[in-house]
Amino acid sequence: MSHNSFGHLFRVTTFGESHGPAIGCIVDGCPPGIALTEADIQIDLDRRRPGQSKYTTQRQEADAVRILSGVFQDERMKAQVTTGTPIALMIENTDAKSKDYSDIRDKFRPGHADYTYWAKYGVRDYRGGGRQSARETATRVAAGAVARKILTHLYSKEVNIRGALTQMGTETIDRKNWDWDEVANNPFFTPDAKAAARFATYLDGIRKKGSSIGAVVEVIADGIPVGLGAPLYGKLDADLASAIMSINAVKAVEIGDGMAVATLTGEENADEMRKGHKGAPEFLSNHAGGILGGISTGQPIVTRFAVKPTSSILTPRKTIDIDGNETEIFTKGRHDPCVGIRAVPVGEAMVACVLADHALRHRAQMG
Amino acid sequence: MSHNSFGHLFRVTTFGESHGPAIGCIVDGCPPGIALTEADIQIDLDRRRPGQSKYTTQRQEADAVRILSGVFQDERMKAQVTTGTPIALMIENTDAKSKDYSDIRDKFRPGHADYTYWAKYGVRDYRGGGRQSARETATRVAAGAVARKILTHLYSKEVNIRGALTQMGTETIDRKNWDWDEVANNPFFTPDAKAAARFATYLDGIRKKGSSIGAVVEVIADGIPVGLGAPLYGKLDADLASAIMSINAVKAVEIGDGMAVATLTGEENADEMRKGHKGAPEFLSNHAGGILGGISTGQPIVTRFAVKPTSSILTPRKTIDIDGNETEIFTKGRHDPCVGIRAVPVGEAMVACVLADHALRHRAQMG
Amino acid sequence: MSHNSFGHLFRVTTFGESHGPAIGCIVDGCPPGIALTEADIQIDLDRRRPGQSKYTTQRQEADAVRILSGVFQDERMKAQVTTGTPIALMIENTDAKSKDYSDIRDKFRPGHADYTYWAKYGVRDYRGGGRQSARETATRVAAGAVARKILTHLYSKEVNIRGALTQMGTETIDRKNWDWDEVANNPFFTPDAKAAARFATYLDGIRKKGSSIGAVVEVIADGIPVGLGAPLYGKLDADLASAIMSINAVKAVEIGDGMAVATLTGEENADEMRKGHKGAPEFLSNHAGGILGGISTGQPIVTRFAVKPTSSILTPRKTIDIDGNETEIFTKGRHDPCVGIRAVPVGEAMVACVLADHALRHRAQMG
Amino acid sequence: MSHNSFGHLFRVTTFGESHGPAIGCIVDGCPPGIALTEADIQIDLDRRRPGQSKYTTQRQEADAVRILSGVFQDERMKAQVTTGTPIALMIENTDAKSKDYSDIRDKFRPGHADYTYWAKYGVRDYRGGGRQSARETATRVAAGAVARKILTHLYSKEVNIRGALTQMGTETIDRKNWDWDEVANNPFFTPDAKAAARFATYLDGIRKKGSSIGAVVEVIADGIPVGLGAPLYGKLDADLASAIMSINAVKAVEIGDGMAVATLTGEENADEMRKGHKGAPEFLSNHAGGILGGISTGQPIVTRFAVKPTSSILTPRKTIDIDGNETEIFTKGRHDPCVGIRAVPVGEAMVACVLADHALRHRAQMG
């Protein structure tokens, strides 16, 4: 049992606080002989990096990753490859602003973990949110980059794990406009160009009020073969749910049709099958989101999650302080008006990690 | 790692198939000295037992539990108490009907795990769903009864974990009518007496057509103190999500406001605080569902989940058989038209198990 | 974490007390499609069964195992095979004598776990040793039979895991006389026929005095390929050490030359290599006991362990009772004068379980 | 499951190779509010540091540890304290000599893990032994320093975990001369001043021949209360055995009388009890090494282990190369003629880590 690890055969253990010297993780279980460089990981980190638009925190971090172990420049393979030993990844904190934290040190932000941390541990690194800062998610993205390498190594280049923002507050995308190429063209990671324009106007309004807003993120994994997962307590969707719910601010996880299955009849929910390409089984629909009985069907794996608005807002809220006195709090300074945006690459990374873990588990079970 | 266990310090490992000799579980980690008899467990099992109304499967099972280990009649305590050793619980299968299974043996029911099991394992006990049968959930309910004992032992009698059916297909309850006492008065475990009448009419229609329907279940845990859980990968809600998603047919899990947080602003989402009873912190709302930053707040813990309709329906659906040929299938015989109903006590049990696990973990962390 | 499980991908969870209704285990992680019947398991159980000679306890137990789940009579395979779901094994206790236990209930046997159990748990099933009884080892032997099936399935029939008693008190075997076929010909599982005669005389003396004696057991696994295990914390020998030390009464574990490596020079310890059969690497000696750097070398894997004498003896010993008063105790009734004898099949089983676990882990790591 | 972690509630995950940029570990599970600085850890690291006498490797490493996370300078506690979040510790490699490694790159040292690593992984960082280098043990010592802090925090200053070299090749200490204060006075960590002189002469001979020699290390933990551990698979001694066997070059582990219990009778082995100080139970002997039935007795916990000689020797040995050709190898360069010496602080650290883990587990079980 660990409070700072996830996964089993592909196992990630993270460390670090927002304003400490560094954050990082140890990635354990990566098979040997896979080409891996810092640049491979940096690509993903750069997508999550803060300060890239006015819609995310203005903290400036290069988020430059350093591989401390687990790779080796092999003469015969003529490449830097994994060796099967643990891969330690470190990202130094460089823009941890020294400022007056007495307000959040002494008062609990409503909707934030300030109160529960203090009540449980009696001591906390409150600077920038400490361990609870979304900054920790950079280590997940780094680990996810290694997970993607493993999946490609095992299943060919067709594995593709992509996330998208599908809802921001009351604004939603039109699924008819879905275009994966569009995701990189706007600061919201949204696949609907028209929605991107609406999101911009909407979030400008939120941001200027010093408010914040929730969002929905969808992650789709293509190219995963049938058979990953296991019944009941080893269900692929149970592990996805846990991994996604472990991301800061997430309050709900859906697989396939998610909450909407409550209104479906058995006839509607049944993903019918026929003989497909080269005689392989093919589904006529994907209400199941690519998972039946906890095991992947070979269809795209569809995960969706809701991210709550950040509790750092300019409007004063009633609260208490660490001595139990009633007071008010409002939060100045850098923050994301919609933390759901940067949750997109984080969600992708978590899905990649869970799938890499199950890919290795499947090998153990089935050879 | 295990595919048939859940929990860490309170750990449950289950076994059994629908039509094998028995189902059961080993409950490991129960502290010593807690009074426990078969009757204590039977109360919960009787709530989940099939064949109690026309709205659940007509299979007749006494679901009589037998404690095989882990308890001892102690002279000094003058009671049968737990000893700290593993508690093995066994329920014999008595109404495993011998019938012709050639249809589901050879054809895959759309929306069912038939296909993925076969594709992964190449062999499966297809009789009555085998390991995938909802019958396995009886072992969870039995384990949950032990978990409840632990929570009461640790936190007094105020711990109360109750579930309710809040939606069936397009029919939903009116939350203004919520009355916990009503849950035991109708065959749907719903807390709204008026909704119960509507659910009866609605489900009669579904049942007569040989169809099935999805549902939403809500579980609320009262009396849990502040401090259970841990940040990030040890989040109480991450474990709840995993445990709930491990129940057959569940496709989504929500904590507190769940998916609806996407539409909330930071102001709306903030559960403000004040000085409450005896100076203790008190919240003015519970959007968080009793969990902030992965740690319990002391408020009621609110979990909600969606259950898909069973894939055993009378209407023929297109499918393939184990040789890859296209065919059709429809399912006669005993089944639950709304499996969400019997998921209510199962959901309660899973929440109880997760909370017992975290209660013990909290002791380890904090003394 | 579990206090009653061992292994990772091949994972065994046991339950049961000496005088409860039954003992048993859940074996999780067995690959599907392996032929398995109760008779396959019974063969191994019969070797460990009590009451077969005057040198073991006179308790009469058939030790008849029942498979409750995880197997299926498959029409196409024309055999009862594993399905990949958990295999529950149960052995009912039939000769749990009802007698007066007030002596061991109230007094602590020196050298026994009576005191530590009581000090830790405050309650214990003292009848026949309760959970601490060597009776629990029957479940290990049953699990080991499944592990052997997996190893044969993966690596052909050449896998052979055999144990032998090599020392009893001051009497030791002569390794020049080692004959595996001899092991089944004497009640001591010793491979040296001449030593068997000496052991008989020696143990008769011990037994008649109501005393007991320690022993050394050696287990050798042949046919395991190079590559099982992992460096450092995943070392095959670390897992063997833990598994063997988990057997009641074991106080030391050796791999290969064991404690004697302390006196070896680097030259002596080096197992030199040459080109062997079909060009494959071959070792000229096996000081390493078939494990280097935590990974199997392809040579026989050699584990040795010491079993202390049982603390149930006729000679009175000074002790205290549960109220802290000084007193004396001696133990009448059925017991093994040399528990090391029946530890032979148990040691084999534990080695088999660890190897099966690592065989599956190796598949996960390396494909 | 992890191949690079150990412990459960106190869990350590290590990373790093001999010649990579850094080694380190993440220590998870440390309770909050314990004062901890880099200096606290450095004290223990300095004892293990290489290059301090002619009897250990001449590699020059400051082994300066850096705490990257998990501590916070708390105003109210007026100290740097642990926060309950993961503690990442990093030690940079500074004297990783760039030299010609073609010999050990292509040839397998007999008695070394070269062959098994290569056979398993197909690629390895052979420089200085890579992951297999004893250099990794510095991270264990660092983690052990945190473990000691926890034990002192829980059980007062009386907890004392000390190791000693008791045998080097054919030279053994005289237990009558045992003086803990002597351990710091000689380069062998031996408690017998007279033996230290003999060891010096003996090891000079070994060293000058370019040979190496095995050793025995004993670790004794004082001040541990009764009750840590659990029966069977949660045995304190099973975890000690695993932890100790995970140290490079260890081939045997003993608890208490160890292998010698084979020659004991039940009468001799029984540690008799009487009413001791303030009426507390007291033992008249400690054959059990402070553990009965897997649970600590309150007596000193005694662990002993044998360390094989290093395989890096000057005498040529027959071997094969990575292409399977027969050849010879001998190893020049820096190495420890008796790696058992520096295993003393490593053994202490592993015992401390296991005890800290069980101390937290005990709190979870028993409150």
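Points worth noting:
The chains carry the letters A, B, C and D, assigned in the order they are written, with residues numbered from 1 in each.
Just so we're on the same page, a contact is a pair of C-beta atoms (placed from the backbone, for glycine too) under 8 Å apart; a residue touches a chain by one contact, two chains touch by 3 or more.
This is a predicted model, so every value here is computed, not measured.
The chain pair with more C-beta contacts between its two chains, of B-D and A-B, is A-B. Placing every chain at the mean of its C-alpha atoms, the farthest one from chain C is found to be A. Centroids built from CA atoms put chain C at 38 Å from chain B.
Measuring from the averaged C-alpha position of chain B to that of chain D gives a distance of 45 Å.
Centroid to centroid, with C-alpha atoms defining each point, chain A and chain B lie 27 Å apart. In chain C, 1-5, 8-9, 14, 29, 84-85, 120-121, 131, 231, 361, 365-366 are the positions where the chain touches two or more neighbouring chains simultaneously. Residues 1, 9, 29, 31, 84-85, 231, 360-361, 363-367 of chain A touch chain C in their complex. The touching residues of chain C, when paired with chain B in their complex, are 1-5, 8-9, 11, 13-17, 20-24, 26, 28-29, 32-33, 66, 68-70, 72, 74, 77, 81, 83-88, 90, 120-125, 130-131. Considering their complex, residues 1-6, 8-9, 14, 108-113, 115-117, 119-121, 131-132, 136, 167-170, 206, 211-216, 226-227, 229-235, 237-246, 248, 251-275, 279-281, 284, 287-289, 292-298, 306-313, 315, 317-320, 324-326, 340, 361-362, 365-366 of chain C touch chain D.
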